[in-house]
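Structures are listed in the sections that come next.
Both complexes shown next keep chain A, but they swap its partner, so chain B is in the first and chain C is in the second.
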Partner chain A sequence: MIFLAALLAAPIASAQTISPADPATASPARVDAAIAATFAGAAVAWMPRVTQDETQRLCSLRRNEPTQAEADSIVARESATLVMPAETTVLGNWRNGEKIAQNGQGGQFSDAPGTVSGGNCYACHQMAPAEISYGTLGPTLAGYGRLHDFKPEAARAAYAKVYNPQSAFACSSMPRFGHNKILTEQQIKDIVAYLFAPDSPVNAP
Partner chain B sequence: MRHLLLIAMPLFALLLGAAAPAMEDSEKEIERYRAMIDDPMANPGYLAVDRGEQIWSLSRGTKSATLEACDLGQGPGVLDGAYARMPRYFADADQVMDLEQRLAYCMRSLQGLDLKDIVARRFGSPGKTSDMEDLVAFISNKSQGHKLAAPLAHPKEREMYAIGEAMFYRRSAINDFACATCHGEDGRRIRLQALPNLTRPSLQVQQVMGTWPAYRVSQSQTRTMQHRLWDCYRQMRMPPPDYLSEGLTALSVFLAHNGEGATINAPSIKR
Partner chain C sequence: MIPRRALLAAATLLAARPAHARAAPDEEMPREPWFIDSFLDLRDDNATATAAGKRLAIAWELRGCPPCIALHRLTLSNPMVCAFIQTHFDVVALDFAGARQVTFPDGTTAAEKPMARRQNIAGPPTFQIFDPTGREAARIEGFLDPVAFLALFRAATAPA
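Up next is the complex of A and B:
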């Protein structure tokens, strides 16, 4: 922005003279047209990925810093999408959860049809302290269950967060795994077990 | 030609061997070998440069013409420094174009070439070279040592910058990712892979933008920015963007301005 301002303030010694005050702008409709042109060749089944829902639109527009009123509306809308497991425990099998956390496959145009998606948690989060190959786009989750005293309510909150992080935090960078059907209920329970089982490597000292 | 590969091969064996254990170590190793591999005698990207030079002066198409009269912005046939000043607005096409779009324009208008085969081979694969990747390697190399300075004076160039910026922050698809999700902050990693912050002008972005096209060791191919963005959209769980489409050029305009002043070193070599 500072860069642009400096650039705009500088006189432009070009044959194509334009007003130095002429801002670099493109209307939302113009951006949409560019998006449509860029993905014109996409298969029909993929087109829903190109268009945005209201939450994506607002978070893009505000660069993930919505106003308080907008944030409230996002959290309300996304909370309404939550589908919690019927039974009280949301802990599945942590060994399966570990595989899901490690698995980065699924959802890409290069994937074979029918590829089962992983959660790819390790792309962004530290989890088991023994695993050194983790990303830093999200906060560390090492010792997560232990730090929450293994409380069932905390596990349910974690389930909701994986299902739809924007039910808790508007414009979170994290994918809405349950809402967007990336992961099944069982897969999310397995991941929650990976976070909350006392014998899970995530909770190793 | 062959001596070049003979020098290159043992280096790549080392480089790939180093990539297996902890990434921090392999990054250092890659740095060490990159310095050697940047040597034109050992970077396989220079095979693409040689092929590109042949294609540039090859007569073909319904007009049996070469590309030698193609105007890349500095006058017909002028290659020196042309790549460092792209993407740019071209009055004859009334459009902002990156190098590949401009080459496609010249193939059509000067050579009368059917682009079907060119587009089908847009990304090279084992045993199948890409004319576009070869031409971009050759032409970018003619900007070696030049400073990246894509113009931003024409209203359409400014509009493309604005579109590129909006696209950079645009979240979509099943993962809700934008470019900014991965390239929005300093010092972030995905697994152990370092992610450059591409949001604003910086030395970091200069280092990125001055080093495309690049010979990609992991793919054994010389790749252009068109391919890099295609690959990032794959990671975003988006459908494949159309080759030579407006949005990819818009993103390139945005990135080029954040990398303004970069010293061009192309083709380089990357993981």
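Up next is the complex of A and C:
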């Protein structure tokens, strides 16, 4: 949302000749007003994506650096929204998971109808050690399942982190893939299998 | 010093997070038993280390982080590594994503996450080693095998 505010700051500045670099003028109220004005004519279906929930509001307000009490409240609230699979195993098909991890499609207003979203995991994480193209915003996940001893409870924790990273790390930069319905339960299971299957390339030595 | 640590341990128990704070399966922060319990005023810890002829090191960690787990399991568990570090360093662990207030050896104070950003910590695990004046003397980043890791800690103890 801060990113969105930055995008919106330029047109505001030209219209009202206020420097966008001056943090004093970028009050939450100003940002809210700018967003409301910008998306006034947008499709109703888009509105949930430009309306902040309490967690986003807090993280924007604190620039992703919440106080301990705020961080605890975020983790508690986001944990309460977790929808875990009914079955004990959260491991799907790692081959599908690999494709989802490599797929950066989806989430765009310009998407063709029926576009299936990917996880775009490699944009931020190293996963399979053999893959040479990956981002470093998030920690490396190479050897993830192996280093977690392939424990089922660790796989469930990984499912929870993909479903809603803020249930583990308050104001995490990672999208809430399940919570925001970017990925389906089966897609998240496939990604967890990519992390946890002993024969997945992620766990190659 | 021992009563202070005992007091801190008791306080930590009392301050334990309520169970409802985590519906998700919990993950332990990787930790060595010989890491130092700290009130997170690292000026004190640096003075204590210096008085004992040691140096202060900070270990930046993250729950569930694979290279952190690997470092603990394959490197810090090595008898030569942990013997050398314990003899020459006091190690305080910080949470890369944490929100506890910490005062650094140079006197600056911030919560852990903004402090990690301010210190340009690339990611967990990272070790920062300080000199007695509170200046960072060395930085060790990412997973390293015992030989490489130990060599960097040895180098950090050599006289300037």
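Some observations on this one:
Operating definition for what follows: the second predicted complex is superposed on the first by the 178 of 205 C-alpha atoms of A that agree within 3 Å, B and C clash if a C-alpha of one lies under 4 Å from a C-alpha of the other, contacts with A are read in each partner's own complex, and residues count from 1 in each chain.
Here is the rule we use: a contact is a pair of C-beta atoms (placed from the backbone, for glycine too) under 8 Å apart; a residue touches a chain by one contact, two chains touch by 3 or more.
Treat the numbers as computed from the prediction; the structure is a model and nothing was measured.
After overlaying the two complexes on the shared chain, residue contacts for A:175 are found with chain B alone; chain C is out of touch. Of the two partner chains placed by superposition, A:87 touches none, neither chain B nor chain C. Judged by the touch definition given at the top, the superposed model places A:161 against chain C, while chain B stays out of reach.
More residues of chain A lie in contact with B than with the other chain of the pair chain B and chain C.
When the two complexes are overlaid on their common chain A, residue A:136 makes contact with chain B and with chain C alike. Looking at the shared chain after the overlay, A:67 reaches chain C, while chain B stays out of its contact range.
By the touch criterion defined above, A:40 lies against chain B but remains apart from chain C after alignment on the C-alpha atoms of chain A. Contacts of A:199 after superposition on the shared chain: neither chain B nor chain C is touched. Within chain A, the residues touched by chain B in the first complex and by chain C in the second are 136. On the chain B side of its complex with chain A, the touching residues are 22-23, 89, 151-155, 158-159, 161-163, 165-167, 169-178, 180-182, 187-193, 195, 200-201, 234-235, 237-242, 245-248, 250, 257-258. In the complex of the two chains, the chain A residues touching chain C come out as 64-68, 70-72, 75-76, 79-80, 82, 136, 139-144, 147-148, 153-154, 156-158, 160-161, 167-170, 172.
Of all the residues in chain A, the ones that touch chain B in their complex are 1, 3, 7, 12, 14, 16, 18, 22-26, 28, 30-31, 34-35, 37-43, 46-47, 49-52, 55-56, 59-60, 63, 107-110, 122-124, 132-137, 173-176, 180-182. Residues 17, 20-27, 62-67, 69-70, 73, 97, 99-101, 111, 113-114, 117, 122-124 of chain C touch chain A in their complex.
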